[in-house]
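Chains: A, B, C, D, E and F, in written order; residue numbering restarts at 1 for each.
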């Protein structure tokens, strides 16, 4: 059952990657990459369940906590065309 | 009995979550412009991921794993809306117009606020 | 995009493919390992007794091969030194321009959790995955986030560059000092239990001798170092239009 | 399965090297370096894997994988990150003078 | 104990420099000098230990197969002596020129000193990679230290190539680890004999390719002339005189320990690379107009000589290579310091502009003449002796072509050094070039630089005579014996 | 995990690397690099290396992307990507 979930999520990720490749504007790519990061975070969490070992969930926590940092800095960059830091 | 109930509930939650994830990715691919894609890629996806994680937490054999899965879900729900808000605002500020949109309420209010 | 001649691309492709084939042949000739052998089996079997750490990778990094870790954090020290050298002598107007109110408030709620998470990663490095590098990098990420969301003046108000310098050198000196204690005890540089550090009870928070202290030292060093790299690199953002020749020390 | 990861790693290594050799943009060079480094990391981590292994965190509930490559990889990741940071700093400094990141238009980098 | 201190004293100095800067803002020359003296004396103490009683220092008290061991033997101590002399001279020049101002430069300098000692003393392959990476990062930044655009370009080029080289070294280390499961070099020497042939080929290709890129031999040499010519004078001297030698040591140690009994083709490859380096370096140097670029290409050629010596795979060849490395350190540091000072004096680095110096600076020019005579290989000087030993040992290895290459290279190098010297001696024509009007600077005191150059020139003379004494010959042949005697190394580390 | 899943993951990884190598826009390549890092961390997790996966996750999504963007924002003007890629 969990294997089926993981497969579904990975196929979703592969479909989302199509938007990263073709996405006509940069924000499309950013949104798709953000979606990919969420999907793969969920996948990692399910992998921890498959391996039945809580240490794998630490990786998923790290992604859940940090993956939006990328998106924030990309968004700021895109908003002004440069980073006003 | 309770095990069966728990597992079937977990299965329903996870299947719903996976369905939402898939649907939102299809939305990212099929929707016409960036704002609708953001709409698909964050709302539905956050909900889907949360559902999957809650289902997994129900299914998990030990309470440590369940606690960590709840934590992941909480963090995702806390961070992802910020990111999507930032990017949609960035798109709007950058000057990208939504297609098929006639009324720009946010833009009007934004304009007024910036003027004052 | 490429203006390189066609023949050059073909030659590069052939070179890369032949290199890859050679490498793959080299790997494929090896027998498949079914069992851990060599020193690694020693680590797996006796880490708990010899160092008291649950995380074998952490024990290798901070006890058996701690000298590598010292060298590795010295690489970051060197890079920080150099990048700060490259971008010195620039006027830097700190900006307080940030993202929207929603992002600011959201980050404001998130940051304490992030700091707590980083501290947990560092302090439990001998019990669970993680350690000085990972926790230090999360600290650096927090400063990056503060820079992005609140503007760099806010960040430099809370984490001034001077503090980062002191933390970085202090971490390096702490690491070296722990090593020199082992040297003074006569059991070799960077020795842990043998130099008299208490082993504690296996699996508890205060265990594994000097491993948690070294974790903290590396966390200070890496966090301050990566943060300083980012801070030095954003320094030039608004000094964008000067064409001064040179600028170095003549 | 392990041969599969070795093959993947070697392919990524070659893609990185090819990128460095062909592309004129300096950022592409740095991206190629990042790819090559990741490939080497993948090779090292795969070399420690044993079928049916568990992570090397005591107490083990089975045969644990080789922990030594993980330690090397940790070291190499941080070293690679500092290398990439240094390369980016150099590129930014050079862009100050030439206003370009095109390899062919920067005088000294052609040879 | 002394082995660890030789690494830790420079590193501790480097960690302390930023704190001193925070406290005082400008560092005094005396403080840096004391730190440098401490570092160099620690290195010399380690060299003494390694020479008279070869020692193994077990870090953390773990056995060599599970921990890291530092090994000091006669080869290490010869190179330790070399780097101590060279970096001491470079530090003195830098202190004279910059004073205590650029504190980050001194931090980088001490980091580089510590990592060089680490490379020379470590007995562990992965630890070698780590120290090599500190060393390389410090070297990239020292190249870029002058912050001119040429220096930045050279630094970037060096960085990209050096990182590729480091990745190849890491890949070779990974393959070695996969094949054997250990990383201690002494244990690897035993374990590598029984691994599959293809893997051995891949390992040797990766390691030799990576170390060759770092060394700057001919096919991948193009970072070297830019890097060495665009740096500051003291840094150029350090880069060309000392850093290259550390790479040579790593190549020598790794190749002799790993491939002496297993893969003889490696040494053939090194000989071929060396021969091409000699010819290519000399021919490129002949075409240069910039004096520092000329000296840098000459360095490529001299690396070729050393590589030919290593490629002989015999004790005599190793001894000759070490002797030539030592001589090259003396000669090239002296030449770079002299050329840098003279060209700063004239305000140009073009050879045709450096005229009339014999009148104004006779002592400098005569020192330059002695050093260049030595590097060309005029008989009474040391360059001749070491080249002669290299030719002898390569003839002893059974090939003639390297000897012919060396002879041809000598002729070419005589041509371009004579060109430089004739420019120095010819009278100052002044206005025949459209040089920018030269404003004479305030004359600087250069007594320390000149003392270093003069003593190096004297040492060249002395070392040209020394090989006739049997004690000296015995010393050098014992270095060669140590280099090729793998069993003794294994016995020293494992205690068997 | 099963073999087919590994094949899927590795093909995905190679595809990401190819996109990084082939795409002309640097910003898109950097975005793809972050996806590559996540996939690599997943591979590390499957290879039973949680420490390495954690480090890769943290470094890749925190620092490397930020440094790339900072460097990129100082070298490219915004016009060169926003106009030419409008739908």
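Simple rule for what comes next: a contact is a pair of C-beta atoms (placed from the backbone, for glycine too) under 8 Å apart; a residue touches a chain by one contact, two chains touch by 3 or more.
Remember, predicted model here, so these are calculated numbers, not experimental data.
Chemist: What is the minimum number of touch steps required to go from chain B to chain E?
Modeler: 2
Chemist: Along the graph of touching chains, what's the shortest path length in steps from chain A to chain B?
Modeler: 1
Chemist: Counting only C-alpha atoms to place each centre, which chain is farthest from chain B?
Modeler: The most distant chain relative to chain B turns out to be E.
Chemist: Determine which of the two chain pairs, D-F or C-E, is joined by the larger number of C-beta pairs in contact.
Modeler: C-E
Chemist: In whole angstrom, what separates the CA-based centres of chain C and chain F?
Modeler: 20
Chemist: Measuring centre to centre with CA averages, how many angstrom lie between chain A and chain C?
Modeler: Here the centre of chain C sits 23 Å away from the centre of chain A.
Chemist: Taking the mean of the C-alpha atoms as each chain's centre, how many Å separate chain B from chain C?
Modeler: Here chain B and chain C have centroids separated by 32 Å.
Chemist: If you average the CA atoms of chain C and of chain D, how far apart do the two points sit, in angstrom?
Modeler: Taking the mean C-alpha position of each chain, the two centres sit 16 Å apart.
Chemist: I need the residues of chain F touching at least two other chains; which ones are they?
Modeler: 48, 50-51, 54-55, 58-59, 62-63, 66-67, 70-74, 82, 87
Chemist: What parts of chain D, by residue number, touch at least two of the other chains?
Modeler: 11, 13, 17-18, 23, 25, 43, 47-48, 54-55, 57, 65, 68-70, 74-75, 77-79, 81-83, 85-86, 88-93, 97
Chemist: Among the residues of chain A, which are close enough to touch at least two other chains?
Modeler: Within chain A, residues 13, 25, 30, 51, 55-56, 58-59, 61-62, 65-67, 69, 72-76, 80-83, 85 contact more than one other chain.
Chemist: List the residues on chain C that touch chain A in their complex, please.
Modeler: Answer in residue numbers: 95, 97, 99, 103, 110, 113-114, 117, 121, 128-130, 134, 138, 141, 144-145, 147-149, 151-152, 234, 237.
Chemist: Which chain E residues qualify as touching chain C in the complex?
Modeler: 1, 4, 8, 11-12, 14-16, 18-19, 22, 57-62, 65-68, 98, 101-102, 104-105, 107-108, 111, 114-115, 118, 126-127, 130-131, 133-134, 137-138, 140-141, 144-149, 151, 171, 175, 178-182, 195-199, 201-203, 205-206
Chemist: Residues of chain A touching chain F in their complex?
Modeler: 3, 6-7, 10, 13-14, 17, 20-21, 23-26, 29-30, 33, 36-37, 40, 43-44, 47, 50-51, 55-56, 58-59, 62-63, 66-67, 69-70, 73-74, 77, 80-83, 85
Chemist: Which stretch or stretches of chain D touch chain F in the complex?
Modeler: Chain D residues touching chain F: 1, 4-5, 8, 11-12, 15-16, 18-19, 23, 25, 27-28, 30-32, 34-35, 38, 41-42, 45-46, 48-49, 53-55, 57, 65, 69-70, 73-74, 77-78, 81, 84-85, 88-89, 91-92, 95, 101.
Chemist: Help me check something: in the complex, which residues belonging to chain C touch chain F?
Modeler: Spelled out, the residues of chain C in touch with chain F are 1, 55, 57-58, 121, 129-131, 133-134, 137-138, 140-141, 144, 148, 226, 229-230, 233-234, 236-237, 240.
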